[in-house]
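Chain nomenclature is as follows: A, B, C and D, assigned in order of appearance, with residue numbering initiated at 1 for each chain independently.
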Amino acid sequence: MRYTSKEMMVICAARKIRNTDIVFCGTGISVLAAVTAKCWHAPGCTILFETGAVDPSLEDLPLAVGDPRVMHRASAFCSLAETLAFLQNPKTARHVVGILGAAQIDCYGNLNSTRINNGESGEVRLPGSGGACDMASSAGRKIVFMKLERRRFVEKLDYLTSPGWLQGGNTRERHGLPGPGPCHVITDRGIMEFEEGSRRMVLSRYYPGESVRDLAARVEFPIDVESSKEAFAPTEEELAVLREKADPEKLILD
Amino acid sequence: MDSSDSKIYSLAGAISRFVKSGDHISLGGFTINRNPMAAVHEIIRQKVKDLHLYVHSNGQGLDELVGAGAVRRVEAAYCGNGRFAPTCICFRRACRDGEILVEDYTNHQMALRFLAGSMGVPFLPAMSSAGTDILHQQGFDKEVRNSDPAIPPAKLEVMDDPFARPGAVADRVVLVPAVNPDVTLIHAQKADMYGYTVIEGLTFSDAEQVKAAKKVIVTCEEIVGVESLKKRPQSVAIPGFCVDAVVEVPFGAYPTACYRYYDYDPVFLEWYRKTAAEAETFSDYVNGFIHGTGDHDEYMEKTLAGKGASVLLADPDKGYSVRIKRKS
Amino acid sequence: MRYTSKEMMVICAARKIRNTDIVFCGTGISVLAAVTAKCWHAPGCTILFETGAVDPSLEDLPLAVGDPRVMHRASAFCSLAETLAFLQNPKTARHVVGILGAAQIDCYGNLNSTRINNGESGEVRLPGSGGACDMASSAGRKIVFMKLERRRFVEKLDYLTSPGWLQGGNTRERHGLPGPGPCHVITDRGIMEFEEGSRRMVLSRYYPGESVRDLAARVEFPIDVESSKEAFAPTEEELAVLREKADPEKLILD
Amino acid sequence: MDSSDSKIYSLAGAISRFVKSGDHISLGGFTINRNPMAAVHEIIRQKVKDLHLYVHSNGQGLDELVGAGAVRRVEAAYCGNGRFAPTCICFRRACRDGEILVEDYTNHQMALRFLAGSMGVPFLPAMSSAGTDILHQQGFDKEVRNSDPAIPPAKLEVMDDPFARPGAVADRVVLVPAVNPDVTLIHAQKADMYGYTVIEGLTFSDAEQVKAAKKVIVTCEEIVGVESLKKRPQSVAIPGFCVDAVVEVPFGAYPTACYRYYDYDPVFLEWYRKTAAEAETFSDYVNGFIHGTGDHDEYMEKTLAGKGASVLLADPDKGYSVRIKRKS
């Protein structure tokens, strides 16, 4: 069974979604993960866009969370203020799984989506937090999607937009942030988790065919790869759901 | 009410009456949806400058205003156009060149800032951003904040929950200051002559942006009869007394989408991405398409270059076009 | 032209309503005042119920602000939180005119609608503030409707529910309340205002046929009646609007 | 989702599963409109006691619960039934006899307390009640507040706006503590099996009361198909994930009104006023009409005494009855 690393990322994320989850997703591969889960093992999960569309049918994939395609056959519409509050609301927050992307991540899972300092060529501005810092600050589970590249997995962020485990240990709690830091970083080559206690990033799974040494070389900071195992390849059924139901037009998978 | 209470304006008339250089203005919509583009173009045409711009997560309107040099400061949660421009293009260049100052907030914080303004309270509590640079880094320094009394003296303030039980660890909240813009501009589907406004589909932060503002311009696809709205008050997002000017501008959100009316124009947005990438070609666009047209109808004609807008028209069931090619 | 004191109260209040006002009204005679103004000299005013109904047609008079009759042909529906915020919102608040009732009022226009201490027979509980304290606290103009009775115009309130001019002078400002205290107290026998500076209640108008001395005797605290004048009787047109358009069923006027 | 995710309950089943003695509960509706009366009667039938009751401006539900002795504490903005009972009747008696403790807030404060609970923030700022006894008098003393960790340690807190400009007089705000009830009960027009709920007409504070609660029971006139709501998401006030139980109870708000379905019953409400005026006659009502009936259908039958509910049915245009006699 052939599959791309993008498909593997989507399926690894989809597997983390449970039937009672409220999935806060963006566009691109994060919405594919949500749709794949909903069409497969988690039909009861609710897909929620930060723009306020609750559980739309997603017959046509949105190219932005503001795309009118998130409105079609939604079950409810909320304002932005109402929607983001579900991340904090004590009843809903514990069901939330947030899927985030960023330009940079550090060893504690802190994220930068605001700006990159490119030395001489100056600042490269990025779009800013959007809902990322809200998701990362709140209770519930957070999954990060990142391409595994040295310029992305950095020793020091140029700007800390979204809190991970902050400086590790219990610093997150000490800053008064509700709930835990990210649980998984899903990349195109493997999956990272955060060690109990220190909250430093460790390699948890490498995708079939990847070398652990190569993965570690793609991270600027030291990363423990000792306890990593090979990830399960996507099953035929998972791939069929992803390709035929979630993105039949190949808008995102191509 | 009778017709003497009508708030109907021409677009040029509304902009010249309510928007002036140096104002704090707020644009509705979200990324590629319901940006008040006709109004943005008219602001550029009238050479309004030095704007202090509030947006939630914008988008085409922000980028054209910034590119045209109309903006000096921005407060926002997100400046991008989804897949068409993950970061707004003129905006990125203006940041690099130090032409604008930007104060960054989160999505929820920006929504709460507009909500605070609409509620007439000086602040609201947020639960996000402890430990981050959103809390610790300032886009506006003390001097900037002191220079304009409409900017609050601090970006954010941290406080402990005063209702924590004795002995318990108090929740820490981040207070966000209210935004009360001089003018808010939104584009909606329908409004009546008194300003009662219907937003179909998601409302984003538009209703709060409107209520927070000192003056409000609503552009809309259609001005409808007062009676037609009285049959469905539940669909009215904004009471008339919040609105100062109502302007009928069909395709007033183009090239962004207007649910149930038309889709975003992926062809234009791709073209725009390339055009905006260089200051020179963007300047040609502004001169040719905005200053070179007298109003939004002419702009549309020039932009669509005779192709017509019909491919963008919304499918009546889906609310967006089923005919545009979205794959690049 | 014969008319009742209730009709006189309604018409006196209606006269204070302007074309650009947002009229926060309750039920009973306050809604009649709003409808009379709207049907007569202030067609542009917006009637707003604290329950969130904006500018309904009021073909049938509501018996409570929660009566479904406030919903018929409204121009918009708001939640309670949204509606009450219009009292504080800097743009809308200055157009608001609030019409309030209460069980007790003191010489500074402070109001009690929470409870009466009846000596031996104990506490008589009243409904509580509802939107009264919010209206009285906010900017905009406030008109109080009260029956002129000694047990109502009291030296000392049993409970201060809604702030008038507090202890007079600039005490309202010192407490940080936005906007002024009440401008008029419209009773069944005359109209009171609050003296510039001291903010004590003074008699401003007595209705045709009333004696100033009798009015003063119906107030527990000393009240200046020196500068009072006779009020204008309702005109035929005003009465016609009130009786034929505002309350043709005589639900409230009877 | 599929039918295994269904939240449909019988009324007796929902109350016995989610409401227990000592709970903090919150009732939706406003004075004589959309009180969850069938649920209130079932709570009384199941002999639930010692409730801590939050309402906004209620109404019939509050009065019957208090009269039946199910309530020990109330937090509210307003306790009345409009012209039918300017002050709730059993409520007034219970206050006089010291049977309940009442903490008074304003309309806006109570709305904000539910909103704060729904937003997951510990407090929100209000601008009302400085200088009043609402701010200065306590219905719950320190001992009561210490006795139950679900009650915040203070009624209200005053603070100055931290964003005031140096030298300027700071706005003074009154912070209201969030309410997060154990259970919220509302009555709505329509809901689907997953809890997506449509409230027609005014929503009052119902949506906020629902979102603030740990558990939620929605009674409704009709359970409708999932597809029918997907055609009009704009009319859905409450997402399914906020709701735990959906119960179809036609006339579930009776004797209060349910917009577009039926009106309040002025005959019953007049009779109730007299009946509730004395503890003895009220006790006969509770024994005969509530404990003496097995469910809401039986209650309706007994209450209407064979007259039928048709006179109360809403006129399709107006949304309320045009046939009831409202003049007493």
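Remarks
Keep this in mind: a residue touches a chain if its C-beta (ideal position, glycine included) is under 8 Å from a C-beta of that chain, and two chains touch if they have at least 3 such contacts.
None of these values were measured; they are calculated from a predicted model.
Between chain A and chain C, the least number of touch steps comes to 2.
Chain centres were defined as the mean of their Cα atoms; on that basis the chain farthest from chain C turns out to be A.
Centre to centre, using the average C-alpha position, chain B and chain D are separated by 38 Å. Look at where the CA atoms of chain A average out and do the same for chain B: the two points lie 28 Å apart.
Centre-to-centre separation of chain B and chain C, using mean CA positions: 40 Å.
The residues of chain A that reach two or more other chains are 53, 71, 77, 81, 85, 87-88, listed in rising order.
Each of the following residues of chain D touches two or more other chains: 120-121, 127, 171, 201, 234. Listed in rising order, the residues of chain D touching chain C in the complex are 29-33, 56-57, 59, 76-84, 86-88, 91-92, 95-96, 102, 104-109, 111-112, 114-115, 127-134, 137, 171-172, 201-205, 207-208, 257, 259, 263-264, 314, 318-320, 322, 326-327.
Residues of chain D touching chain B in their complex: 120-127, 149, 152-154, 157, 159, 161-166, 171, 173, 175, 177-178, 200-201, 234-235.
On the side of chain B, the complex with chain C involves touching residues 1-2, 4-5, 118-121, 180, 194, 196, 211-214, 226, 229-231, 233-234, 236-242. Residues of chain A touching chain D in their complex: 19, 22, 43-44, 46, 53-55, 57, 71, 73-78, 81, 85, 87-93, 95. Within the complex formed with chain B, the residues of chain A that make contact are 27-28, 50-53, 59-60, 62-72, 77, 79-81, 84-85, 87-88, 110, 114-115, 122-134, 137-138, 159-163, 166, 171-172, 175-178, 249-251, 254.
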